[in-house]
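One structure is given here, and the rest of the page talks about it.
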């Protein structure tokens, strides 16, 4: 039997992260988003006579933890000021983050990954703007594309909006998962979900019972402890026709933060 | 044969990242280091009567890209204002980063990983402060611990300083790799290297020929295109006695940045 | 004779600064503009039993030095890589700012101030969008409103766009000073100028000779060493009908920075 | 009679601000303090053939509002979660600052200024480290140096620690005002106070009644609505022997912030 590293190295790697740059789309709540200032430049310290030929450059990142492709920590969302498993917000909220459910508590996600390629199943480049993907859509897509969603999976849903990444207005109008879709997802007892849009949820949909936006954020993160990954690019994976893969997603241990940037991979082979 | 995800999911995961928090050690050139400001808190938007029970929290990260456990991009270092393969600094340096060799150009590192546990081989908790690990040390450790370093490997070197992570002064005095050690490493044609210290190199050692500090930064990144990973925690891997593993390190695609925070994993099984 | 403090304290104070908040207009080159994150809150440290009743709160400012009402330092602009009085950019540019002509070199501006209220003179609330104020406009307005511009003055020009401060798109279309207007201004040998718009200059106008935008930035800061103040609110001063006043503008000594936020005052009395 | 601008322009200006740079002293609660990253450099946009000779440079400020010479807003301090005049913290605290008592509510301070030069009165370069200046000290110094403190004044106290500005450890050990000194100050019904140290108060002194540190922060800001200015440099004013002057201090209108950087001036003449 081949060693683990031989097996994994031989896999085809699909990179599910969007590129990060100032001006990439950002949710209004997470302005100013992302900025990188390269201020230490190579010529600044170039003194070949006295210090040799080597020089160094570096810069400063200013970013909301929910900018770009990222994963939500469980402390990101609360219902009635309670987190998952009834942890009280007031007990764990600090100026430098949360003492429970921060990004550093998210174990590396190494799991079976499945793709529900709703856009492709509906035979469109992208779903209609602000379309709310229903439970029937998800179940129908799973059936039609022979995807069995299992407990512990990382479940990815493709809307087709990844190509709008350079256009904030268009991207913020992406389709997302509806209330019924979120209920269905939780019933599958997956470990994490993700989509190629800003908020996983359909951002326009209000829960008629509570008047709450982003029902899935409450239902998945708070009620069920299921992590959400946003701003994925699933297009290459879709084009290659893969529906099952080895998902590798490794959040940074940003102590107390409500999420982490992440570069998820789908390994096939 | 088991599927890839079954094989990988069954592996034991060693987490090689140090935790990230304000006050963790930082190289003087990379002050102010790291800061997380949680400013959007749950009570701020709690309006159950009109908006339902759900609330959100998030914050702002301010960080040098070389804070915490991170990988150096090839644009981080130059010699005589030239990068790897003779790319001219002046052609690619911008206010928002480099148009060549930025962090976004680093492919996910999925490779055979090997550990040269120099501290353990020398039977010490940690090498002496500022000790410069020689080529003989590396070759001797490899021989004694039956590690064969191969082209394409990710080569990790353990100094034993990871436990000083909460004490900047002590941590900055870590042992590191000497000039001879760096030459030996490059000869092995590895893909990337890493250590449990701030700078990989021995920070006190000057190259007698050029008067240059951090010889390895020039030799590995500029001459050989070998990435450097810093501030690893290799203690659990060492304690478990593993010398060969599947290394998984996935930098963020920070466009133009000179490095990326990273949470590397060693998979065994 | 009354003491200085009695005289000054008795003056009527016109506050010429726009309020600072995330979302205020910003020049595209100066994104991400301005952000304030209040992360240290009062309840965080409230321990009356052990530490008494007192608590503290504070936050983090992230801002371009050219956000909001601000003054340009002489290092902000160069022509052919030379600053005012032929200082070479390359000699004084560092990762942490300029070693010449930084904001810390701007002496407090305490001088005779004059207002050329071009909008009021033309009997409009605001000049047309992107209107370029000519030398004839300035001279005509000065004549008609009996303003004599003298060497050493701080010369303020009113376009009427201050009321658009909450609307970035409208504000960026403000009128500004044309090439001929800038030449006229420099001839008056004033010490500093300012306007109620983003860039002092008309942002749409290109110098036909050089194809350069923002002619005044070159002509005033580089050729003549005259500081520029931007994003003023001159409406109250205009409404009160004052054309001459004591101008007080005190930049922060931000070492090496290319400008400073400022809250200029016009004192009358 | 001379015009106001003539009178003010003729005054001698004492600059009471310390220079701002990365590495200046900062209170532990306000780390990471101050940083300026110059990332937009002149050569970046130098295209003389197509855009003319002009180029621009600018950078990014990352700073706590309590870094450097600054003034405390009334929302900076609370007692039993109440601000000055019994405003409840919980009613006005937001992620982007306070809706009451923010820095933008501080009117420009233009007032009679007086200097109690305690260090000079005691005939020392600087008071002993951590010395707590008593009511008797302040009253004695006022009497001996013929300073009459009046309602509405800005009262400055000199410890002699301004020269330690480049040495954080030494500077944080500055002398400051004791509980009794703060009670005396409030009785004078001044409008604002300031000192040449990090915290105005003696940072080591605990109020024996409540165990509270920084008694003056509670007594002045919360009980009496008197602003505090920190990190002044009073040495030139002291050397010139001035005890009464026209104080000019103009905070920035940072909406909701708990303080503002400030460059205060003492005008004499």
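Side notes on the structure shown:
Note that the chains are named A, B, C and D in the order they appear, and that numbering of residues resets to 1 at the start of each chain.
In this section, a residue touches a chain if its C-beta (ideal position, glycine included) is under 8 Å from a C-beta of that chain, and two chains touch if they have at least 3 such contacts.
Nothing here was measured: the structure is a model prediction, and the numbers come from that model.
Contacts with chain B and chain C are shared by A, D. Contact count check for B-D and A-D (C-beta pairs in contact): higher for B-D. Separating the CA-averaged centres of chain A and chain B is a span of 24 Å. Averaging Cα coordinates per chain places chain A and chain D 45 Å apart.
Centre-to-centre separation of chain B and chain D, using mean CA positions: 42 Å. Along chain D, residues 22, 35, 37-41, 59-60, 62, 94-96 each make contact with two or more other chains. In terms of which chains touch, the assembly is arranged so that all chains touch all other chains. Residues 35, 37-39, 41, 59-60, 62 of chain D touch chain A in their complex. Residues of chain A that touch chain C in their complex: 22-23, 31-33, 35, 39-41, 44, 62, 94-96.
The residues of chain D lying in touch with chain C in their complex are 3-9, 11, 13, 15, 17-22, 29-30, 36-38, 40-43, 46, 48, 50-66, 68, 75-81, 89-90, 93-98, 104, 107-108, 110-113, 207, 209-215, 217-218, 222, 244-248, 250-259, 261-263, 265, 267-269.
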